[in-house]
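In the two complexes below, chain A is the common chain; its partner is chain B in one and chain C in the other.
The block that comes next holds the complex of A and B.
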């Protein structure tokens, strides 16, 4: 599979009074065509910042924004804001934002809200845009007459489908899904996951699926990237990751996931995630890591390649190939 | 899962109902919203019930009605042998001490301008615990019980200075401070990260053993129930559709809704991405003037004609394992 998006050494720091917040720090990964890469981690680890850095949706207090993002051979970091907005944003890469189902405009028909990006980005007239919106709404499994309804007439699950239609109406190649089922019920969540699986096949999409829910991530992920305190600490194939993660943080995280179908004792990770303003020296996980040794406290580990997986941990220094 | 710890019943709820009146428009007609409909529940000392349901299923209202924070419209609540269903609020102070609540959102549950010590002192003041030294002693003890140490440091902080997990510990400390026998924990960990979630659930379990507490753990997360309770009650649209020992219900679910829930929840497994899940379509019904029928029938893959016409009766299939479904009519 060829790579559709290749990210190297991406950094996004925010300026605050206490110093720069290193929300995304030296992040590198590849997304292959037709693949789902899940990005998992606890709240505050920088998952959403990473998504925003990819889409250049930056707040005003940016301190550092650097690195390389190559989409289909084009270096996106070299594009001007104008070019990026016109050529990439929504057209090539779009996003389903967390909790977006509650941010629909209550006084506009949902059809208009789905059609809006077409009018804004493609200069389409309202009639054509509405027709496309109808198609998108049908695609996500709602009757097309719903274009004339208002958000309050829809259930939570249907609103989430509308939000997905909004992300698809511009026919993107990559969709970033940021907690696309948060605040939805279990059955609705499973329905949305089925929908996302179907859309991926039908439209040949590539997904970046951001979630804190490890069990849920396995519903879509071909590969998994684990984020901790602004760093990616592991990038691995689903087959290995869900059975035997490599990084001590991934192992601990997996041990904290309750399961319905297997007997295991639940564990938790003592301590709290570090401050992103002054992250610990060396490996950022070392204060909570049961395997930490001297070197972990002194030096930040690079990403080691171990049997095709990437892991940012000194334990794997000797095993790398 | 722990084995049942005693036979002494702490709380008995019999056909409890809570209806709300809703008005459509300013002069429109009034409807009855049946949030909790004829719920029966029994909780023994030192045991825990997981009350599982989706949002809008009435699980929070059931918890609040048991605590008499809502006036019941029918049925009975018996706590330690005393019928408190209609006891006037002025005579309920002892019950307020005996049964307490941990709310879902710890951020919203704390007054932001109070210190942690003041937040924990409040219930003691309301219940006339004097002098102040004794109150503070109990505040420090509660903080120690939830392991917010050193207690002096935490006592003088304000809610915004704490993390979500720490704040939830304060909420638990507040629920403990009057030495209750029953704690109703309404989604106590749903806003927390996986690891913190487990840490808090272990803390609750430890407190239960140490202080001989009984718990009603309200949650939408089926996967945690079997680790932290002996009994499970599955709620759908105001009805308890299935109840029993947690292991029995999870291993051998009987009600089509329970089956659907179990089918919908993934375990971490790389095979998941290759298959679609069998999930009933649609959404839970409106609780306004619901028909006297099975409320899951419109979504149920096994629904028969009768299911749309008559409300099923509860049937005991195995010892203590009950289901409210026409498929199991004896």
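The block that comes next holds the complex of A and C.
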């Protein structure tokens, strides 16, 4: 499988009064065509910043924004803002937002809302865009008659479907799903997950699936990237990752997932997530890591390739291939 | 539970569920109908002529006459205007006879009319309309009371073809009539009696109106064969029309009628323009932030401390504004108002809503976000404020007119109040003169306030009555 998106050494720092916040620090990964890469991690570890960095949705207080993002052989970092907005944003890479409840304009009818990207990006007239929007809405399993409703007349799951339709209406190749089901109940969540799976197969999409819910990520992921304090600490295939995570943080994370029926004692990770302004010296996880030793405190580990997977931990120094 | 009603119709239906909304709408509808009626029945130019016209336009109207409905408070039937014109009418009889001699021509004009009112008329005026070359006609005027003999009032030689004989002003006639009545009744009056009283009084010591058929006769002697003469008599009433007249004999009704569209247009356009421009400025300020925001906010602060009324008076004094330029100045002075501050705060809040972020992500331009995303969101609370501010501007216009800074030609309510004030209307008892324009002003204020309050309840659900 060829890689459709290849990210290397991506950095996004925010400027604050206390110093730069290293929200995305030296992140590298590849996304293959038709693949779903799940990015999991605690709240505040930089997942959403990573998504924003990929789509170049930068706030005003950017300190550093560098690295390389290659999409289908094009270096996106070399495109001007205007070119990026016209050629890539939403046409090639679109996004489903966190909290669909709030990402719809309350005064626009659903149909027009979905048609907005078409009008904005393709300069399509209202009529044609609306017709396309109707198709997209049908695709996500909402009855066509709903195009004339306002967002407040829709249920949470339906709103989420509308937001997905909005992401798909321009027929992109990559869709970034930022916590697409975070505000939904489990049944609706399952529904949306099934929809996403079906769409992926039908439209041959690649997903970057950002979530804090490891259990949920297993539904959709082909590969999993674990993020901790701005770093990716592990990138692994889903089959092996869910069975046997390598990084100590991943292990702890897996142990904290509740399971039905079995009497497992839920574990938690002691300590607090580190400050992104002054991350711990050496391995960023060492203050909370049960296996930490001297080297962890001194040096930041690089990504070791272990059994075809990538892991950022000194424990695997000797096992690397 | 009823389904939520949306759209404009929903708002109207909800508005009609509030009593204040219904009353407000009814009054506004009434004012609009009055405006339409005024514009249709009295076209603009005619209105200007009627209000600003030279004397002949007003001459046949009584001076400071109360409206006809005023007699409800007085309790007697007050005299209306009686116009005796040389045409056939069912209200009076008109006879004109011409007797031609060899050299002279005698014209006899006789009007007989009923006078059934409880009070004396205000004045009497005779308008002549004669054609002659050189020798001026000579007219003898006779007056006949219902049960009395004919009184010879006076002989008069016309000074011009369209001479006016102002009977009420003739002191000799007054003396003559008083003496005549004293002789007839046999009592000496202790105080002078005006001409109109003498003409319409009964033959009794106490002065009271004699009702019945009166006659006035003109016998004109003309010494040219082609000469002709017509006479019109106006017996001025104490009441006139539905609105009364002012000190210049103008019908106040014209100002009341035409004041309505002027007040509505002024109030509505000022309120709407100011609210919308403030809204746009606030959105630009809030959305762009940074230097744009700073400049707009500082300008707003400067405008906020400018004393509005003195500034307006100064501009008005320098440039002698008409109502439209006044409107423009009011708008310019108000667009950087407190609304800019309040709405900017709203924009700053909405700006960070997820759906705005989302719009930014799918590439909507700043203009699109400002007008398609932010504006509709902050518009609803603006509407009641807009409606509630309409009376402010109607009052402002009236206040400026009262200060003598209004439009120089148009009749407005404020100007009527102003003139009433300067003529001492309340002191002299011409209450109607003040009450009519003031009533219209209050009606307008109440209408828009009621509507605004009802709208406020609709767009601010927190205020909803349980």
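The criterion applied here is as follows: the second predicted complex is superposed on the first by the 318 of 321 C-alpha atoms of A that agree within 3 Å, B and C clash if a C-alpha of one lies under 4 Å from a C-alpha of the other, contacts with A are read in each partner's own complex, and residues count from 1 in each chain.
Operating definition for what follows: a residue touches a chain if its C-beta (ideal position, glycine included) is under 8 Å from a C-beta of that chain, and two chains touch if they have at least 3 such contacts.
If you're wondering where the values come from, they're calculated on a predicted model, not measured in any experiment.
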Once the shared chain is lined up, is A:105 touching chain B (first), chain C (second), both, or neither of them? second
Considering only the touch criterion stated at the top, classify A:124 as touching first (chain B), second (chain C), both, or neither. neither
Based on the superposed arrangement, let me know which partner A:58 touches: chain B (first), chain C (second), both, or neither? neither
Comparison of chain B and chain C by chain A residues contacted: B
Output check: A:85 vs chain B and chain C. Expected answer is one of first, second, both, neither. What do you get? second
Thinking of the overlay built on chain A, is A:218 touched by chain B (first), by chain C (second), by both, or by neither? first
For A:266, is the partner it touches chain B (first), chain C (second), both, or none of the two (neither)? first
So in the superposed three-chain picture, is A:97 touching just chain B, just chain C, both, or none of them (first/second/both/neither)? second
Using the touch definition from the top, say if A:77 reaches chain B (first), chain C (second), both or neither. neither
Common interface positions of chain A, toward chain B and toward chain C: none
Could you please specify the touching residues of chain A with respect to chain C in the complex? 55, 57, 85, 89-90, 94-95, 97-99, 102-108, 116-117, 120-121, 150, 153, 163, 166
Of all residues in chain C, which touch chain A in the complex? 4, 6, 353-355, 357-365, 368, 372-373, 376-377
Chain A contacts chain B in the complex at 36, 42-43, 155-157, 185-191, 193-194, 197-198, 212-222, 237-239, 241-243, 252-254, 256-262, 266-270, 272
In their shared complex, chain A is touched by residues of chain B numbered 54-55, 163, 165, 193-199, 201-202, 220-224, 226-227, 250, 260-270, 272-273, 276-277, 279-281, 283-284
